[in-house]
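Sharing a structure with you now.
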Amino acid sequence: MIEVINPYTKEKIKTLALHTDAEVEQKILQAQKVKSALKAFTPFERSQALHFIAQEIEKRKDAFTELIIQEAGKPRIYAAGEVERAIQTFTIAAEEALRPPQELMELGRSLKTARKIGEIRYFSSGVVFGISPFNFPLNLAVHKVAPAIATGSPILLKPSSKTPLTAELLLEVINASKLPKHSVQLVHCSREKGNELVADDRIAVLSFTGSPAVGWKMKQQAGKKKVVLELGGNAAAIVCKDADIEQAVNKLLVGAWAYAGQVCIHTQRIYVAEEIHEKFLEHFKTETQKLIMGNPADDKTNFACMIDDSNTQRVLSWIEEAENKGAQLEFGGKVEDNILLPTLLSSTAKGMKVRDEEVFGPVVCIESFQELSAAIEEVNDSKWGLQAAIFTDSISNLNQAFNDLEVGGVIHNEATTFRVDNMPYGGIKESGFGREGVAYAMHDYLEAKILVKNK
Amino acid sequence: MIEVINPYTKEKIKTLALHTDAEVEQKILQAQKVKSALKAFTPFERSQALHFIAQEIEKRKDAFTELIIQEAGKPRIYAAGEVERAIQTFTIAAEEALRPPQELMELGRSLKTARKIGEIRYFSSGVVFGISPFNFPLNLAVHKVAPAIATGSPILLKPSSKTPLTAELLLEVINASKLPKHSVQLVHCSREKGNELVADDRIAVLSFTGSPAVGWKMKQQAGKKKVVLELGGNAAAIVCKDADIEQAVNKLLVGAWAYAGQVCIHTQRIYVAEEIHEKFLEHFKTETQKLIMGNPADDKTNFACMIDDSNTQRVLSWIEEAENKGAQLEFGGKVEDNILLPTLLSSTAKGMKVRDEEVFGPVVCIESFQELSAAIEEVNDSKWGLQAAIFTDSISNLNQAFNDLEVGGVIHNEATTFRVDNMPYGGIKESGFGREGVAYAMHDYLEAKILVKNK
Amino acid sequence: MIEVINPYTKEKIKTLALHTDAEVEQKILQAQKVKSALKAFTPFERSQALHFIAQEIEKRKDAFTELIIQEAGKPRIYAAGEVERAIQTFTIAAEEALRPPQELMELGRSLKTARKIGEIRYFSSGVVFGISPFNFPLNLAVHKVAPAIATGSPILLKPSSKTPLTAELLLEVINASKLPKHSVQLVHCSREKGNELVADDRIAVLSFTGSPAVGWKMKQQAGKKKVVLELGGNAAAIVCKDADIEQAVNKLLVGAWAYAGQVCIHTQRIYVAEEIHEKFLEHFKTETQKLIMGNPADDKTNFACMIDDSNTQRVLSWIEEAENKGAQLEFGGKVEDNILLPTLLSSTAKGMKVRDEEVFGPVVCIESFQELSAAIEEVNDSKWGLQAAIFTDSISNLNQAFNDLEVGGVIHNEATTFRVDNMPYGGIKESGFGREGVAYAMHDYLEAKILVKNK
Amino acid sequence: MIEVINPYTKEKIKTLALHTDAEVEQKILQAQKVKSALKAFTPFERSQALHFIAQEIEKRKDAFTELIIQEAGKPRIYAAGEVERAIQTFTIAAEEALRPPQELMELGRSLKTARKIGEIRYFSSGVVFGISPFNFPLNLAVHKVAPAIATGSPILLKPSSKTPLTAELLLEVINASKLPKHSVQLVHCSREKGNELVADDRIAVLSFTGSPAVGWKMKQQAGKKKVVLELGGNAAAIVCKDADIEQAVNKLLVGAWAYAGQVCIHTQRIYVAEEIHEKFLEHFKTETQKLIMGNPADDKTNFACMIDDSNTQRVLSWIEEAENKGAQLEFGGKVEDNILLPTLLSSTAKGMKVRDEEVFGPVVCIESFQELSAAIEEVNDSKWGLQAAIFTDSISNLNQAFNDLEVGGVIHNEATTFRVDNMPYGGIKESGFGREGVAYAMHDYLEAKILVKNK
């Protein structure tokens, strides 16, 4: 059984039954079976279904927002933003369904092949198994579901057991569309059962968003599957001496504290040029104090609790470890009214979990730097490589950052949390494998097939 | 020690020492180290180096041809063709080095992002470990080396222990270019040592061409690496009743018997419409008899021995198994002068190795069919899915074949062995993972990085 | 003054005042002035405006349909189809506004430029002057207006003086969107005044759909403008001996008789393989007799009158000319109840207007052929080159037709009238200059600008 | 008769006969006739021919350089550079011949078209008439010839009557290739005869590089042709206060004085931020004095004479006009040893020819500015719009410049004369119509043809 708990009020929202082994098996069989119906369901029809779903979510925006607040403890403003994003993601998929990555390729590379041309089209790889996390219970599920629909691929989605209700509502909306039945199915199961699916040869693609330890292990057990992993990071922002401090602070406040840092691209580290370090720090503190904490369901709340107590305790212990190793607590570091306060640490160093690991909580390390190259090295001195931000007006700084930062995305004059749903998104090093972003995810759910013919 | 043997004369050509563990470790370190030099080596310089290498191979064409004849036992006409192909592959890579898959992406998907644009560029993933087979000792090595150079990726290449000398000559040519030293290195090692490299985290990409059993296992042991597998198949050709029989026979003769069938896309199965089956068979027999067998070094030889006795024996045993299970031997089926004769079997059926497994020898199964859909089903009733050919002038036949054949490539009015070196090449199902073909291989050696900025 | 007349009932629908010279001048000035507002109006906002317009047309679908029936005399079924197409065209433009043809170009072509990259983006060329015809009073106006909005280009649209009311309703819808005021303006003026605009240097692009004589003359007077001309043709369909006769007849019935042939890509010529000529002809006659003629406002009517009497008389005189020169009237050739009946001629030949010129009326010439190459030559023996159709299942036939037909589009197993609004559409030879189809039209309204920078 | 004169020594090099009317007519007929041979000459063969030509020029590099020095009076260093560029241009064309702009387009935009796909391929438009200028007698001819060959289009090239010999040598090289005879032909004729060709309907494309007055008039007389115009400009460079002064001076020295300013993208105007204006000016003067003037054939000469006396006199008169209107002569302004000295003017203003018109000589206007927006306005306050340069390290400056400068290309930290032969090149406003740069020119020589078919 899954007990869904409101992380702020601690009330139980609902109890869901896990699917039995027989039910899961049945879902796999149905996913296999719906392949031929989906093959006959044209890109136009897929596009129409995706538009329909986007419109339905628009209509039921409040219900989705409320569910995300309830089960994820996400402040209303961010929950509503996530619903908007999900609508956008489906809309993009509706458009991309009509723009598959097909091409005509000239094959004339010798007299023998001088009149040949290749027609390269893309076909669904087969069943997708998607695993989505609690922190964006809607949009990170949509980033697996929408590309699956757009490519005509059946999908089995296992949502986080902490936030299954949003996924259930999404399924309801999808089932109201004209998609062949069983195109999209939910699987509520234990991690062990999940691992069986990871290894199941009837599934062609694994798309996992979650923790690195789990993800990388799955890659090894995935057999012949294609694998996409969207894992964690300890994203860093670099604020150069020529940056607009006010802009940098305003953007990084969101990067640092949105959803209590429970975001893969949460700004966990801030490196500020020493010339402006003090001023930045002061301004950042002042602005952080203006956060409105409380019940995520309140309209004005923009900072609330973490997903559960064990995570709160984990983060507290990491802060303690950092302080024990010499870090300085600038503010925060404690729990009030079930809320771990925004926590800023300085004098952090390699070897502290708050700097090296993915904190996934409201903790930020702030340090100063002299040369940009040193800041870049510091950012790169990490096993992670998801996104990084740089605040500067210098072309050479930006070029250097883009060329040298070992990440999947470099964000200029915005926080590390910046993401648009069509852009390629994902990390290198231990942060991930492959990219999401609708067209990119679609590519991973497809196989190229070439027709060689005469012109 | 590696003993390189001429498969036809059985003479020993040369003895090579395996690299010691220390040498292999040294090579990995040097590959790691050359990354920064390669990062600074511009696409223009990579392109120039690739052109230089192509020109050098052109100059030393005879030496390469001779080596391929000697160590692979490949008839001169095919060996010379392979050298031409390798020149072409390097030339394509020289051109593609200047056409990376970069793009500008509009990010205006909400008012908030309305002035954002994404600049997506691609950077080398890191060290590539390439493993290449004996059957195209030059060009299948080049399909790993050229994309590595084009993307600025260091590569460690492990050539087949049966045919290491062609790779050595290739290395000599590459070392004469202006590429940073150690950009391309050869590794001669045992399979066990190879497996260690497959698992080594300092290597970012594994590109393997070889046997399925080995390849799929490597995928599981490859850790965080990207993996490209080019494995085997039992490629089939469908000859429709409206086909030009003479054309079909002439093309399929090459598909069937080139290099004694030791080609991944060897035409192992031929399905002929029953209306023309008899005529086709007769014509095919007649033409097969015209093959000139003998020493691969002779100018006129177009059919010679297999790579070694154990493979000859294996194929003979498969033929025997098929006959025991009811297959009919149309011709061939025995060894003469160290050459396993071209062998045609009919009345084959599922359950016989010659039909189900990759025979990788001069054996072809020929069957007839009534409906095209039945022929397609028969082709698809296999664990493999590399390439298939269809001979027809009917648009609806061709559409049906392209839509329904479960393969990476459908070839119209040419044998299954058709390949141009820029086209995406690779299989689905158990035949492979990912695609080669220069630009496609390059894509797999690269990581996308996005710069989000204001317009 | 413009008097708008119902072509079927001959009733006057409305009287519109022509714009005075001062009004036209004012419109040009406003178009100039709105350029800067449009430059600041982001692609996202343009896309939103285009979606809004599409949705509004959807809501007012009946009003649009009614107006098209009234002022163009188009049967309801086709009028409603046109409104659907217009919605589609705006929707495509909404999507394409977010997919401008920008690119990143590697510039490393020598050591000197080895670190340069080009960022190529597209900017509005300036004011567009669109001239649209009576036969698709909505969708052919939209094919000028929607790309203008998508590219941020002000547009002055001169609709046909026969059908200005649909354009007025469209303007009303557009003005309800958030587009900067005066982004889209209508100009009702004499041909002379129109010619002044054609020559006016403040206008950057001329997009004309209409008669060839007028169009080609405009090109010469257009000064420094870019010019797109969508002119006429005498489109031909080839029915090969292996064609599905029933399919060919059903498709060509629409190509031949839709909107009484007043369509640029009206199937004016049908060439049938002699083996099936008789059967085709008989079937075609039978089916033509099933057309339901009458008031275009009636639900069931699928064939009605021409746009005005002078055109009816012109076409009658052409038919007479053809008969005088030896053509045989298979059926039709006369007016009943204000409707020029569907007219089929055989034994036509070069030198007859019904074959050589654009008839733009319900007249079709049908001839037989022996060899495909002869049919293709006959199709090409014309000053026009818009679209052609071919009915066959033969790959070699289709290849030959595609390679050799001198037209902008070859349609397989559909009538010449086939068009989807995103596809490139337009003719060669005297049939036109440039292509429409949303992304193609957008390209013509844009100028490339390259930023050369260091990587 | 054409008398070819060495502009420096004033010696007659050679006398060429103009082609008679009959000869020109014959060339047109041959161009028409070679179309079918070129249609059958595959992209592969075109590519091979283009590579061959590039290699032949490489072999005869010295002869080409010498001819350019002789007939154009271009200093050896720049003449040799032009030959390198021509080789590059042919090489790019050889590559692009194999990468035509073909595409597969999804046409599923309604249920009716849900299974349709468009195969869009490009075919030669027909005969190209190219007119090339004296200032790059080789490479600007090649920019017309190479795309013609790459697209299989016959071309008639009319080189400048001042520099026909380089074109003759180029033709010799081309004729040694395997291209069908008459694919490329030279026309030496009077301007009047040239105008006849401009109007000739047998020619499909006019590609003109030369003076604006001539070009724009040709556009009006070009009938149904496609027209590409590469005309003049008064290119400006903006040097911001944060620029690297030394870099800016070094780059702009070349932009200002290369080939005595006889370059379309010659840096005619320099706007320097007032904070660094004085320093820049001083440094620029000092460096200009280091120019080595004299015989262009001398190895060290980097500044020589203009193309002829009438142009020298014209430029002198413009300088005089400017001084009369208040401009200040910083240096130069007179002729020494047949060489018009490098001339720098300050206090120039609108209304002076040296600022408003294309000077096409060694004259530069230098002014200071306070705000970047004012400098951009000043640059834009011109009828021309070819290229502009900006020296800055500021991202916001560069964005502003790229968004607001009304030109075809913005060059960052390089002179306005920067060009790579694959990049889109051409102007807006009166500076031109369309773009060259190999793939871009190819696009203009091609017509799209779509095949609509079922998937």
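Read from first to last, the chains carry the letters A, B, C and D; within each, the first residue is number 1.
We take it that a residue touches a chain if its C-beta (ideal position, glycine included) is under 8 Å from a C-beta of that chain, and two chains touch if they have at least 3 such contacts.
Every value quoted in this text rests on a predicted model; they were computed, and no experiment measured them.
Engineer: Compare the CA centroid of chain A with every other chain's and tell me the farthest one.
Structural biologist: The most distant chain relative to chain A turns out to be D.
Engineer: More C-beta contacts across B-C or across A-C?
Structural biologist: B-C
Engineer: I'd like the Å distance between the centres of chain C and chain D, where a centre is the mean of that chain's Cα atoms.
Structural biologist: The mean C-alpha positions of chain C and chain D differ by 37 Å.
Engineer: Quick one: chain B and chain C, Cα centre-to-centre, how many Å?
Structural biologist: Here the centre of chain C sits 49 Å away from the centre of chain B.
Engineer: Where the centres are mean C-alpha positions, what is the separation of chain A from chain C, in Å?
Structural biologist: That pair's centroid distance is 46 Å.
Engineer: Counting only residues that touch at least 2 other chains, which ones in chain C make the list?
Structural biologist: 99, 109-110, 113, 119-121, 395, 398, 412, 453-455 - these are the residues of chain C that touch more than one other chain.
Engineer: Provide the residue numbers of chain D that touch chain C in the complex, in ascending order.
Structural biologist: Of all residues in chain D, those touching chain C are 84, 88, 92, 105, 107, 109-110, 113, 116, 118-121, 125, 216, 219-221, 223-224, 226, 398, 402, 407-414, 418, 420-424, 428, 430, 433, 435, 440, 447-454.
Engineer: Once bound in the complex, which stretches of chain B touch chain D?
Structural biologist: On the chain B side, the touching residues are 95, 99, 395, 399, 403, 453-455.
Engineer: Under the stated contact criterion, what part of chain D meets chain A in this complex?
Structural biologist: So the residues of chain D in touch with chain A come to 42-45, 47, 98-100, 102-104, 106, 108-111, 113-115, 119-121, 392-396, 398, 412, 455.
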